[in-house]
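Before anything else, here's the structure in question.
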């Protein structure tokens, strides 16, 4: 077990070497560690980590914090030799969320940035086609994964749902079935109570 | 027999023979229904058990078919997002007449558990005519076969006329599709 | 004129026979998988349902090809002798007519399939022709041996030769030839191991992808009659034909059921595996059988 | 009583007139060529069929004519192909650099052909043979590449030199230049040597297996209207020489007792079957439609060789019928491709698609031509293939049988490739504006379509004429009644097959008409598993059509070209060695060799 904790230590030393101001360090488990840094240090940290061996950008996702008026970006890196996931988190302004694209460091980020733009509205100057439509076809509302988007209102607006009539429609209008049931219950109770009148 | 007082002699014979031919055709259509399984949602997992030993679908003369041109039933199994609905309508229009739609699960009925999601439609027969709904959040094979038998009954007494409704109210359906899906045929980078 | 009427009768008989036997076989396969198979007349219902539907047409070549395919196959079936006495055209039922008039049916379907404009259909047609190239050569080599031994190329005479006193059926007389005949029959029928051209999973039922109501119905009729021609060709060449209708029906049923059962336990080959398979063992067996039978004259 | 000599003289004058006329106005020149071709064909058909031509010679020096059914048969077919193709000239002539020489050489090559088939004298045969080679050699570079002409000329001259050597050997052995008596009097070793030399000439001209490299290059790059002539007609010259070698020379090689066939004949049959298999495999892989048809002519040349090397009347009848059927079919197919090339400018299969919507008649012409090429019943190809199969099964040749059956099924594959990739499939937008071929070009297509069907339905007329040839060559003729053809072990009634085929189509048509009318839908509205596809090029399956099949023999398909490259390399090395030895710079070496030569001559004198 020892070498796993030492992996986290090696990651710490790497981060200290980069002399980046770490706002928060969160050790999720033996294989995953998260660092929160400022927006300006993203490029330096990512390029230094890539040199150290974290060559795969597994995912780039974003979280919308409306009450703090912040938009948080998370870069998930993975190293195939020493199996440790590193999360680089940084909070950016929510009104005009804009982060320089990391396409030069990780070319794979092209589609992640396009997706982040489509679902959160974050702009990535440097990525040539981040405004293009990727998954949602002909979307005509604010980016759907932002917290202030109300899916129920959109669903009611766009997709008419089925109206159910108030009272239940009677399957057998002549009510014969209901009378038969009531007669049967009366008979059963009479038998149960030895035949005297209820 | 219809009263022949008002309609001309050969008209009656023609409509009568057509109706007779149509009824014979109904017998054949009823007993050999081929399905195009549009496995969009999670209800698709109910189909293999309904084809294998326990609930053999083939004894009703039903079987899976590869393309819409050959299929009679369009089996919509589960929730439909606008993207899948566009493809579904395109495939529905490619099927040969007379065609039927069987909707599995509660999602096509009223959106099911995704009723408040921004990507799932709530009522399928708003866009294409549905002949038989099979309710239940993943209906078991028994209710599935029950639904198919209902469809057969519908064909027999000519209530399963979804495809005729589609022709008569064509613009109503198209208006609904336009409202919910915007443009039906997509031209973008991936469909050059 | 009488010959043509008898021929049409034989073609119709072939269609009805094969469709019902096909239905029975679907029931047998159902029982094989521990479930009730469909009704025995299910194939009839399928075909008549298809004929009652209104389908799509992609231009005049799409329809002309289907008509030419069905016409070619009906013409081939009209030549086919049922028993050694019932044949439409006396001593004109030459062996090579069947091999080549089938090609007319195949050409008609291939033309209308690639005329439908769907790439699946052209790929399916390409696979069908490649499979035809694969199973045709070994089968014709065995047929060459049979024709050389009997010195007749008309099927009725080959049947009479096998039914004659001293000679045994060619399935027994030419054992290797018989095996190649069965393999080639499975290739011709498009049964499972060689079903690459109707592969529903890979190319959406190959050439039939664009056919709907009546065109698909006519192609189903054509498929049934083609199966009738190929299985009765096998029966006449290898099982000594039949002197009476009952004997023909029994042999026909046994051959088709055996081939169907073999096919239901097999997966599906890739297209170049089919060609490599047929040019390895069946061709080797056919050639050795030919050399043994023609040059050394060892016929059991 | 047309005399052959007058015909030839008329043709020579006609070529000069055509030369002058095309200089003034190309259309008039080409129309004049059509009329001259028509005149020649009519006179040959009228008198040539029953050997009515008079062979007296009064103007031309040292040329003797002799009439045979064999010569008449070949001359008639080739003149017919020339006539059909000449209808194409008015529309194609403007695209060539030397318009007037095209017409001139076209007519002159016909002179060579008719002369070759009507002489009884070897030297005349060789002279007319060379005339044909020279004229066609200058016609081919008018197409796409000069290199094709060089390769064509190289192989043809090699063939004719081999024939010349054979002729001299015969003269030395038998003392006469007459063809029939010369060949008949050969015996023993010289017969086999002459046989081999004639076979080399036949293979070179037919484009059969070992000497086939020039065929696709010459046909592929020849001018569009000339390749039908090249493959339909000129290949038959090789067949003519093959017949001289195979049949007229008494087979002197020891007999192969298992199949009672002389070894020489059996080897030629094997080489013929090799060229069938090789031609089919290369044609399946080919992407250019004209090269594909060239390989098909190579494979059909193999059929002709197999037919004539079996020393049996039925096989010869099959061979002659196949020559006729193949000439018609390949001429029809090449003309259809020429019409498409004229409209679209390319013959590459992967660049074309959906031509049927604009040119339905050309499509029908191509369809009927390939049905005959693949040997499918209602057309002529089936009757000839049936006769050849009768002979192969009767003699029990197993390995030849494999190749013959592989060729017949394989020909169905490669002829279908241009049909489905070029004519059917999606309709390309860039070819939207071109129309059907003009009326003058449609006349030959209709005639050839009619003839293809006629040769398939009623073969008795032609087979009776072929029987005269077979009897003239000294073999048993095929028993032919008005409707039936009696093979060795079976009877074929092509008329009945076509009638029954028509009945079948009538039944299918009735079924089709009775049922509901289907809805008209465009070609792009097809099953795409729900995807939206808008560009028809993506949707047209034409590039390497038989990919799985080609993968199987991809690596081995180039070893013939590799062999010839190595051969060329060796010849160059030999040249360098001689140059080093004899033409070296310093004088002493050359003086040494001169002295050596003088010494040898003296020794020769003294002994």
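Here the chain labels run A, B, C and D in written order, and each chain numbers its own residues starting at 1.
Definition applied: a residue touches a chain if its C-beta (ideal position, glycine included) is under 8 Å from a C-beta of that chain, and two chains touch if they have at least 3 such contacts.
Since the model is a prediction, treat every value here as computed from it, not as a measurement.
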item: Geometric centre: closest chain by C-alpha means; value: C
item: Chains linked by the largest number of contacting C-beta pairs; value: C-D
item: Chain located farthest away, centre of subunit D as origin (C-alpha); value: A
item: Distance between chain centroids, defined by C-alpha means - subunit A, subunit C (Å); value: 58
item: CA centroid of subunit B to CA centroid of subunit C, Å; value: 36
item: Per-residue overlap in subunit B, given as positions that touch at least 2 other chains; value: 67, 69, 94, 186
item: Residues of subunit D whose C-beta touches two or more other chains; value: 527
item: Multi-chain contact sites of subunit A, meaning residues that touch two or more partners; value: none
item: Chain pairs that touch, as defined at the top of this document; value: A-B, B-C, B-D, C-D
item: Subunit B partner contacts - residues on subunit A that touch it in the complex; value: 132-133, 136-138, 140-141, 144, 149, 151-152, 154-155, 158-162
item: Interfacial residue positions of subunit B with respect to subunit D in the complex; value: 67-69, 87-88, 90-91, 94, 185-187, 191-192
item: In the complex with subunit C, residue positions of subunit B that touch it; value: 24-25, 28-29, 31-32, 52-54, 56, 58-59, 61, 65-67, 69-70, 72, 94, 96-98
item: Touching residues (chain side subunit D, partner subunit C) in the complex; value: 258, 354, 356-357, 363, 367, 371, 374-378, 382, 386, 389-390, 392-394, 396, 398-399, 401-402, 405-406, 409-410, 412-413, 416, 419-421, 424-427, 487-493, 496-497, 499-509, 511-512, 515-524, 526-527, 529, 539-542, 545-546, 548-549, 551-552
item: Touching residues (chain side subunit B, partner subunit A) in the complex; value: 82-83, 86, 109-111, 115-123, 126, 176, 179-183, 186, 188-189
